[in-house]
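Each of the two complexes below includes subunit A, the first together with subunit B, the second together with subunit C.
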Partner chain A sequence: MSVEQQDLNLLANEKRGRFQLEAGQDLYGWNEVTQGSVLPAFEGDASNVANQKAEERNYSDYNSYSATVSSWRVIKPVFNIDVCIDCQNCWVWCPDSSILSRDKQMLGIDYDHCKGCEVCVEVCPTNPKSLLMFSEYEDLGDALASWPEKKKKEKK
Partner chain B sequence: MAVEFEVNEREVWDGNYAASQALRQADVDVVVAYPITPSTPIVENYGSYVGNGYIDGEFIMVESEHAAMSGCIGASAAGGRVATATSSQGFALMVEVLYQASGMRLPIVLNVVNRALASPLNVRGDHADMYLGRDCGWLQVSAFNAQEAYDLALCAFRIAEHHDVRLPMMVHQDGFITSHTAQNVYPLSNEAAKKFVGTIDPVDDMLDFSRPVTYGAQTEEDWHFEHKAKQHKAIMDSVPVIEEVFAEFKALTGREYKRVEAYDMEDAEVCIIGLGTTVESARVAAKEMRKEGVKAGVVAMRVFRPFPYEELREVLKNVKSIGVTDRSSPGGAMGAFYNEVSAAMMTSESRPLVTNYIYGLGGRDISIENLKTIFKEQQANADAGHITTDIQQFVNLRGPKLGFFKSKRS
Partner chain C sequence: MAITSIKNLKEFSTSNDRFEGAHTLCPGCAHSMIVRELMNCTDDNLVVSANTGCLEVSTAVYPFTSWDTSWIHIGFENAATSVSAAQVMHKVRKKKGTLKDNDAPVKFVAFGGDGSTFDIGFQWLSGAFERQHDFTYICLDNENYANTGGQRSSATPIGATTSTSVAGTHSYGKKEKKKDIVSIMAAHGSPYVAQLAPNKWKMMAKGFQKALETEGPCFINTVSPCCTEWKFEPKDTISITDLAVDSLMFPMYEIIDGHELNILYRPKNVLKVEDYLGAQGRYKHLFKPEYRHIIDKIQKDIDEDWARLQRREEARV
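Presenting the complex of A and B:
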């Protein structure tokens, strides 16, 4: 699989990961912050939001969807579609909803919100694993090229 | 639909019963509570109203006061009218959550029956719990008797839930002396009370599924300061609403409340400042002092938060010497109330003499004679033109006379 197939903006709308939480942009003054630090999750009427996919929702700027936490990560999971069996284990276990999956097909990682916790790798049942951790600075192509071979069962 | 509870034009209620009747009439959506002495009867009475079908709202018993205030926060964030009651150790356990409630700007009404904090363990009244709550970001009003506990509890819903305020509010009454002393109380009719309090118009309610919101966001050094400043500004800006609600209540009942109450202060040269039941005793003592030729008056703090600095300056502008009474162990400083009165007077034209009296801890009585002694000492200060005693003294304490700090005059 080529690196191009691992689309880093997979299933994103234009809001995803727009802000760096630590960015030095002009922040609101005391008179502009919301009352009680209560934050609306969406712009406009969100009555139908449960029926919408993430990329269709009108997330507000206050929503964590609009902020990226990629800088928190030291190691990153890399996904290898050639080995994946679409069991959805990683999708179920990911604590940050950062496994991108549609119609029970695993598509990739949301690198804007993944914090590199490694849970997805831990729960992946394939041989070799379809998700492995690499240094944050490792090139995706190099990572996929260095994927391990299937382990043989040890004879008793 | 709830059964109507009949109230007479005049009732004989203690402070707890009066507060629980105010909650009943205010048609509270959710009361979450863990009863503690001496506020127990507020919740106990309310529970009996629920059991007897007088209440439409929910009544939830929980495992602790921490949980009680947590439940109140959930119900208030959901958009309901919410109230509870506590005192003393229970209040202390609630404190962490009190900050959460005010930070989220949730208009919860908390009836606090003031009582000492252990150790030593004590069930009697003093203001230690109220002082513990003074930095929690809540509005605080003090009732001096059962009637006021009732009136102010009704007003509290109007003030707290007002969209220009949206802050939680405590209504304080003295443990046992107010909470358990049956007195004449003139309640509003159910209909009049309901009309006065009105219905809550929720803000950012979590039950509005068309607009999901996050409560309890995390803020670090980049946002926290702005949010706390906005909250403080809201507390300061609540003054016009408090005055508007008090004015409306006066028009309805004839009973007038001011943020600072003044008694015999028109020509007073010396005065005692206090709050709670001691105010009424001090008023009696002031009348007696006047017969002895001392121009004595009493100033009472109705609204403790926001602290009425400007009104205090105005009412004290012609006074020469002031005795500030603190009913809480000061813990290595001047009484907090003394410090605040002093801060107000330090920046006034007249800069009167101000002394501090620690009294009544753990329910210890303060007698008319004790109060007269305070007036006499203020008169001596006024005559001498300087403070003639220790600046901080203890009233009605056994053992050798205890006092701290002297005026530095050189």
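Presenting the complex of A and C:
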């Protein structure tokens, strides 16, 4: 798989990850927050959200979809589509809604919302694993090139 | 009710996420796994309320919200109260025909941590159950006040060290047993009460769907391992839950109408509780020779509780 296919902005809505959520930003103090404030998660009609994919939705700036926590990460998961069996274990247990799955197929990782917790790697059942952790600065192409071989079962 | 198919994971994965990323929960937190699963297992509109706790402060970092549904937060203890008020308002406006879409199905859900469920919000929760509002209350049980620095709550099990029950030369950690919240809520006459764990995703999704479908107040206690306060690596969240369920520290069962108890999961190989305790930093001191007897006590309690659950299942009382 080429690096172009492992697009960092795979299936991204134009709103995704525009605001950095980290220490040092202009945070609001407890006494600056508007009392009884309402933050609309969507612009316009939101009655059909349950039937819309993320890329079809009209997110507002208040939705945390438009924020990013990518700076929290020191290691990142890399996805190898050649080994994946689409079991969707990573999708169901990802705590950050960062596994991009469409039509029963695992497509990639949302690097704007992933915090690098490694849960997806732990629950991956394939041999070798189709998700592995690499250092944040590692190039995706290099990471895929250094993928380990299939491990043989040790005879007891 | 529009149910998402949970026949297998592939079909379940076609549901659209309504809980967005970039919340500020710790990496590997089980809270968001549980919340995502609840929101994915139905297509209905949801009205969600949350008690103060990790979930609330992390998913509503002003000016952001991680919820793609209606979400209310008022005070520490009153998620059950606010959601029951919303439910009554919906009922009345439906009757009067003043809703924008009168036929759209709406489900009401309240989330609380164990502190706000077992201790601080208990009075409000109990009141809402007594008034028989149609909602589902989900307790995300991580066995301490993780949001404020890991103080003991009445959900903390015996022997665990927390920042207000510190283990040392004179103490083995918390000295009291955990409150049996599931039986307490079942005693309110709730039509559906269950204890579930996120590692068995299908059982949990089934339980959630059943609770959402059931009319009346339903209570679900979910195990939510906390990597920060239980002191394990974030990647081990699921394996710690496996250990908790397989060692019967958290048996998975449901109680229907207060008397019909069904055990949902019987582990093939029941693990010793040492395996579960040894995997976490908060029980490290119990493996010293002077506190070894506490492990035996925990094991004895677990065996007794499991025997009692099985007797209750048989007797239907």
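Quick note on the criterion: the second predicted complex is superposed on the first by the 139 of 156 C-alpha atoms of A that agree within 3 Å, B and C clash if a C-alpha of one lies under 4 Å from a C-alpha of the other, contacts with A are read in each partner's own complex, and residues count from 1 in each chain.
Please note the rule applied: a residue touches a chain if its C-beta (ideal position, glycine included) is under 8 Å from a C-beta of that chain, and two chains touch if they have at least 3 such contacts.
Computed from a predicted model, the values in this text were never measured in an experiment.
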Could you say whether A:C117 touches subunit B, subunit C, both of them, or neither, answering first, second, both or neither? second
Partner chain(s) touched by A:P95 [first = subunit B, second = subunit C, both, neither]: second
The chain contacting more residues of subunit A, comparing subunit B with subunit C, is C
*asked:* So in the superposed three-chain picture, is A:V33 touching just subunit B, just subunit C, both, or none of them (first/second/both/neither)?
replied: both
Scan A:D103 for contacts with subunit B and subunit C and give back first, second, both or neither. second
One more residue to check, A:D45. First (subunit B), second (subunit C), both or neither? first
Dual-contact residues of subunit A (subunit B, subunit C) 28, 33, 37, 39, 41-42, 46-47, 49, 62
In their shared complex, subunit B is touched by residues of subunit A numbered 27-31, 33, 35-42, 45-47, 49, 62
Listed in rising order, the residues of subunit C that touch subunit A in the complex are 2, 9-14, 16-25, 27-33, 36-37, 42-45, 59-69, 100-101, 104, 198, 201, 233-239
Listed in rising order, subunit A residues that touch subunit C in their complex are 17, 19, 21, 28, 33, 37, 39, 41-42, 46-47, 49-54, 57, 61-69, 72, 86-89, 91-98, 101, 103-104, 110, 112-119, 121-123
Within their complex, subunit B touches subunit A through residues 103-106, 166, 203-204, 209-217, 219, 222-223, 225-227, 229-231, 233-234
